[in-house]
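Common to both upcoming complexes is subunit A, partnered first by subunit B, then by subunit C.
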Partner chain A sequence: MRYLNKDIKTIHELLKNKTIKPIDLVNEAIERIENSTQNAYITLNKEEARKKAIELEGKEVDNILFGLPIAVKDNIITKDLLTTCGSHMLDNFIPIYDATIVEKIKDKNMIIIGKTNMDEFAMGSSSRTSYFGAPRNPWNEEKISGGSSGGSASTIANRDVLFALGSDTGGSIRQPASYTGIVGMKPTYGRISRYGLVAFASSLDQIGPMTKNVYENALLLNAIVGEDEKDLTSARKPEEDFTRYIGKEINGMKIAVPNYLMSDIVSSEIKDSIKETIEMLKKEGAIVEYVDVKYLENAVTLYQIIAMGEASSNLARFDGIRFGHSCENPKDVEELYYETRREGFGDEVKRRIMVGSYLLSGENAKDYYNKALSIRDDMKKEFENTFKNYDLIIGPTTTTTAYNITDPMDDPLKSFMDDVLVIPVNMAGLPGLNIPVGFDKNHMPIGMQIIGNAFEEAKIYQLASFIENKLNLELNPNGGEE
Partner chain B sequence: MNDKLSREEVLHVAELAKIKVTEEEIEKFQVELKKILNDVEKINDVKGYDDDILIAPWSRKTTLREDKEEEMLQPKVVIETAPRHSGNYIEVPVVISEGVSA
Partner chain C sequence: MSNYIPTIGVEVHVELKTKTKIFSPSINGYGQMANSLTNVVDLGYPGTLPTLNKEVFNLAIKAATVLNCKIRREMHFDRKNYFYPDNPKNYQITQARTPIGYDGYVEIEVDGKTKKIEIEEMHIEEDTCKSTHRGTKTLLDFNRAGVPLIEIVTKPCISSSTEAKLYLEKLKELLYYCDISDCKMEEGSMRADANVSIRKSEKDPFGTKVEIKNIGSISNVGVSIEKEISRQEKLLENGEAFKEQTRRYDDKLGDTVLMRVKETGNDYRYFPEPDIPFIYITDEMIENVKSTIPMLPNERVKKYIEKGIPKVNAEKLIQNRMLSDYLNSILDSNINFKIAANLLLGDISAYLNKEETVLNKTTLTTERFIDLVNLMDNETLTSKNLKDILNKVMESNDSIENIIKESGVQNITDDSAIKETVKKIINENPKSVQDYKEGHDRAVKFLMGQIMKETKGSVNPKMAMDILIQELNI
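This part shows the complex of A and B:
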């Protein structure tokens, strides 16, 4: 019997009236994942997940997430469970504590089913920089599932589990969500504790939920937000229910479409699909207007400087001394550093660390990094001004749909350009979500990005659920057979 | 703009990043790193912004933690995560060799 393709309310009811037990869900997920060719997981938490499911049989089903399997991106550390970040550098790393977010999902009695595949240290846009090979797109296995949270996107699209966690530094939740036809939310910077998320670019990184629909996404967000004394950038905010506006009308809602997001860098198929959705929203009473938002076109440049600069500093910790990979028989400590890092890191990571180190060294810090921080500030102000007149901002999530896994990887700029539309949200620390709005001529999913003002995730979910409802797309790639 | 970094420039950035590069890699990085660095130059074309900077979108004031006892990680557990360790110590190769004066 198949349950994990059903919606949360149905499954919760079945668990509550004891028609099914958590172990049934765990077994179903494991069987699907083991028989799949998606390569969505680096580590399957088989025995522990089964053990936990059996333990839960004696407990009361006390919350809506109880007993449900969840996939965790492999850059979120899990006690006693291999955490590799998709890298040879950490392919033997067993953490000794849990990330705060992992404690939170365990408190809800969710069951970690495994650690999902990703670009090495989240650096990439196709998950092809993973030391463990690229995950595949369930809509077409020849295609990428995006990145860096490609494994989480793939397993959700394939309906292996209801819930997955991703992380988003420059689009790494929203872009793969768009390529695989799922819902992915990057919450406001500070919403979720980053304690235990292996740092890539600390001022941009944020963990977020990836699910097959909007309601389930908001439910998972409910469970994982909150201030954490172990993360000084986590925000103290009153508790709220992110599902509260779901199902509400959008009559009178004011929505901005930045001209840059609909410029010629976007494929015409995607633009047409977004325009159709815009027409639908207008018909339903929303006010949608095209606006200019300055500096959006500079986002990739800012990202290159800020993300690579921060990465070079964050990844200095991989020294072969305290944890992770270490080279054999170094003659002195210098050789230990140099050789460990040569062996442990892949090319994309090496490039980014080298460029980052260079951009922060000596006078360069002033010429590049400080300039980037100034423009970043102005970009944030541009968003703030837009939100004075509009409730939300929308546009396409990606410039193309998912491309082939075998496409060349010889252009070091390609991974940045794949994220050109999603990076501004990280720069300004805003919440952004991908919602599927259609398909291209090869039936690969097209996604729309909804951007909200800081800490206004609930409003994003309102519009997203409205679109989801109206379009009513068949978003299960295995559609007919299930 | 040049389409290649010099050998020395690649060796310099590799040193900053503490990553050993092989001969083959040097040639590859000469082209790849230059391509990224040329792209980064676009920052100089941006006009009209003010001097205010944004380091992080959100941070709160530093506050002191409540002074209370809590369970910490045991040293043994932490030490055992290190690739080379002995007793309560993490082992590292020679840092300063004999005969080298400070």
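This part shows the complex of A and C:
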């Protein structure tokens, strides 16, 4: 009997009336993951998950997330559970503390089923820079599942578990969600504590929920938000229920479509699909208008400067002294640094550290990093102005659908162009979500991005669930298997 | 005499006396078991983020205030990126672009003249961990990692090793009096680097700069600057050029030793720390801090002199903050402060040193101290007799008057008793009496000595003298 392809309300009822126990869900997930060829996980938390499930049998089913397995991206620190960041550098790293978000999901009595595959240190957009090999797309295993949260996207699309955590620095939740036909939310910067998220680009990184539908996404967000005294960049906000607008009409909602997001950089198949959705929304009473949002075309350049600059500094701590990989028999400390980092990091990570170091060197910091920060402020203001007149912004999430795993990786810029539509949202610190809106001719999913004003995730969920309902797409890649 | 003018700038790192570290809740402590005062943040563990200890800002504002600095109202932290084993994240969180204090000064007195040592800037940063080299191995103790520091940088306005030493002494005194830091150079809670260059004339551009790092004491700052000046002079006299370099002072050699030559400027790839939002200092914060600043040493000396304490004693008093604070707490009382100062610096200090204790652990409350001063002032108690009862004064709760009575050391102020003794001495020393009558003043001194000897010092000297003169002139 399959349970993990069902919706949360059904499973919660079954748990509550004791038709099933958490261990049934854990066993189902483990069996599925072990028999899967998706390579979605770096570490499966088999024994601990089972132990925890048995433990929960004595406890009351006290919240809707109780007893449910969750997959955690492998750049989120989990106590006593290997946390590799998809890197050889940390392939022996067993942390001694829990990320704040991990404490939160443990408080809800969720069960960590494993750590998902990802681009090395979240640097990439196809998860192919992972030291552990690329995860695969359940819609077509020849295809990438996107990145950097490719493993989380893959396991959700495959209906192994209901919930997964990803992280999004420049689209790393929304882009793989789009490629695999799932719902992925990057919340407002500061919404979720970053304490325990291994930093890539500190001013951009944000953890977010990845699920098969909108309602489950909002439920998981409910459980993981909140100010954290351990993260000074986390925001103090009143408690809210992110599901509260789900099911509400969108009559009169004002929606902007930035012309840049619908320009020639996007494949016509995707544009057509988005246009169809726009027509549907108009018919349902939404006011959808095409607008110009300045600086969007600069976002990738700004991103490269800011993200790589910060990354070069954030990744300096991997030096072989206190944790992680350490080269053998270095003759002095210099050699320890060189060899540890030469052996431990993959090519893409090295490339970004080098570019980032260059960008911060000497006068470059003034010419590049500081200038980028200032243009970024202008871009934020431009978004703010747009939100004075519109409730939400929509557009495609990606320029193409998922491509082949065997496609060449020799063009470093390609990986950034994959994310050209999602990066502006990180630059402005805004919330953005991917919702599936259709399929291309090869039946690979197409995603739409919904962008909200800061801290207006609930409004995003309102529109997303409306679209989800109206389109009523078959989003299980295994179709009628069950 | 030298043909060169030295130009010296001093950079001082001071560890702030906070309960916890600057970016983590670990305890800020010295002398504990290695790596016992650490957590994942101090170790630079992946995923960790800095928090911010507000106490640091209070102490930094206090320091900026007493160093006469302007205080910046909006500031951020920066990352200083460099690889070194004592630097756990391989970047140090510091304030490169927005130091909390700037444009300050400290006044020193050189050869009776006041000179302002100008302070360029003062910023907050975290300390590194402590490395100990053992043969081919290096041991790391992260207890110090993340201890809050302020770095105080002077302008190149110091012109001698003496000025440098006076500046450091003054700085230490100010920071110590305000409870900003322990300022113990031997424990590393205060560390000084000196930048030294020389040139022939004020009109010449500055000479090549040499930095002397981590000098262990104020006197060694003086020695190392002197050594460095003469080293540079010799080189220039021999026509030898030298490169900008960093040296350290070697205590055993008593000289500076080359550490590294600066080929190019260090590239620390500074950028604003993204994990810590901007910090805003309000008027209210500054006012609150100012109200906690105690009377500063200069003002104390002035006050003491006003109260009749000789300058030399006033200056001695502020070198012992415990004594000075004690005296300050009774500054409003109407007593003989000269006697009070003598007592504190003399018998009381000796007692405290001998017993290895501090004033507030003795029974000498300020009330009892005031009684003591008054009883000496009206000569009921002589300083010689005090020595006999000192232990009781410091250790019992009995009133000073009672102690004096019970010990029988009361000063002889009874006229007839003194007269009797004086007569006895005069009768025993006819030669001296003769001398006196012939106009030899020293005879009086001799006779007074005999009287004191006879009474074992318990006679009121002024009264004895009066009676002696009276009797001699009969």
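Operating definition for what follows: the second predicted complex is superposed on the first by the 482 of 482 C-alpha atoms of A that agree within 3 Å, B and C clash if a C-alpha of one lies under 4 Å from a C-alpha of the other, contacts with A are read in each partner's own complex, and residues count from 1 in each chain.
In the analysis below, contacts are C-beta pairs under 8 Å (C-beta built on N, C-alpha and C of every residue); 3 or more make two chains touch, one makes a residue touch a chain.
Every value quoted in this text rests on a predicted model; they were computed, and no experiment measured them.
Applying the stated contact rule after C-alpha superposition, one finds that A:97 touches each of subunit B and subunit C. By the document's definition of touching, neither partner reaches A:346: not subunit B, not subunit C. Of the two partner chains placed by the overlay, only subunit C lies in contact with A:365; subunit B stays clear of it. Of the two partner chains placed by the overlay, only subunit C lies in contact with A:199; subunit B stays clear of it.
By the touch criterion stated above, A:229 is placed in contact with subunit B and with subunit C alike. Of the two partner chains, subunit B is the only one that A:375 touches; subunit C does not reach it. In the superposition on chain A, A:67 makes contact with neither subunit B nor subunit C.
By the touch criterion defined above, A:313 lies against subunit C but remains apart from subunit B after alignment on the C-alpha atoms of chain A. In the superposition on chain A, contact is made by A:323 with both subunit B and subunit C. Ranked by how many residues of subunit A each touches, subunit B and subunit C are led by B.
Comparing which residues of subunit A touch subunit B with which touch subunit C, the overlap comprises 93, 96-97, 202-203, 229, 232-233, 312, 316, 321-324, 333, 337, 357, 361, 370, 373.
For subunit B in complex with subunit A, the touching residues are 12-14, 16-22, 28-29, 32-33, 35-37, 39-40, 42-44, 46, 48-60, 62, 65, 73, 77-78, 81-84, 90, 92-95, 97.
Residue ranges of subunit A in contact with subunit C, taken from their complex: 76-77, 83, 85, 90, 93, 95-97, 99, 194-199, 201-203, 229-233, 309-310, 312-313, 316-319, 321-324, 333, 337, 357, 360-362, 365, 369-370, 373. For subunit C in complex with subunit A, the residues that touch the partner chain are 40, 43-52, 79, 81, 83, 85, 88-91, 138, 140, 267, 269-272, 274-277. Within the complex formed with subunit B, the residues of subunit A that make contact are 93-94, 96-97, 188-190, 202-203, 229, 232-236, 294-295, 298, 300-302, 304-305, 312, 316, 320-326, 330-333, 335-339, 341-342, 345, 347, 350-351, 353-359, 361, 368, 370-378, 380, 411-413, 416, 428-430, 454.
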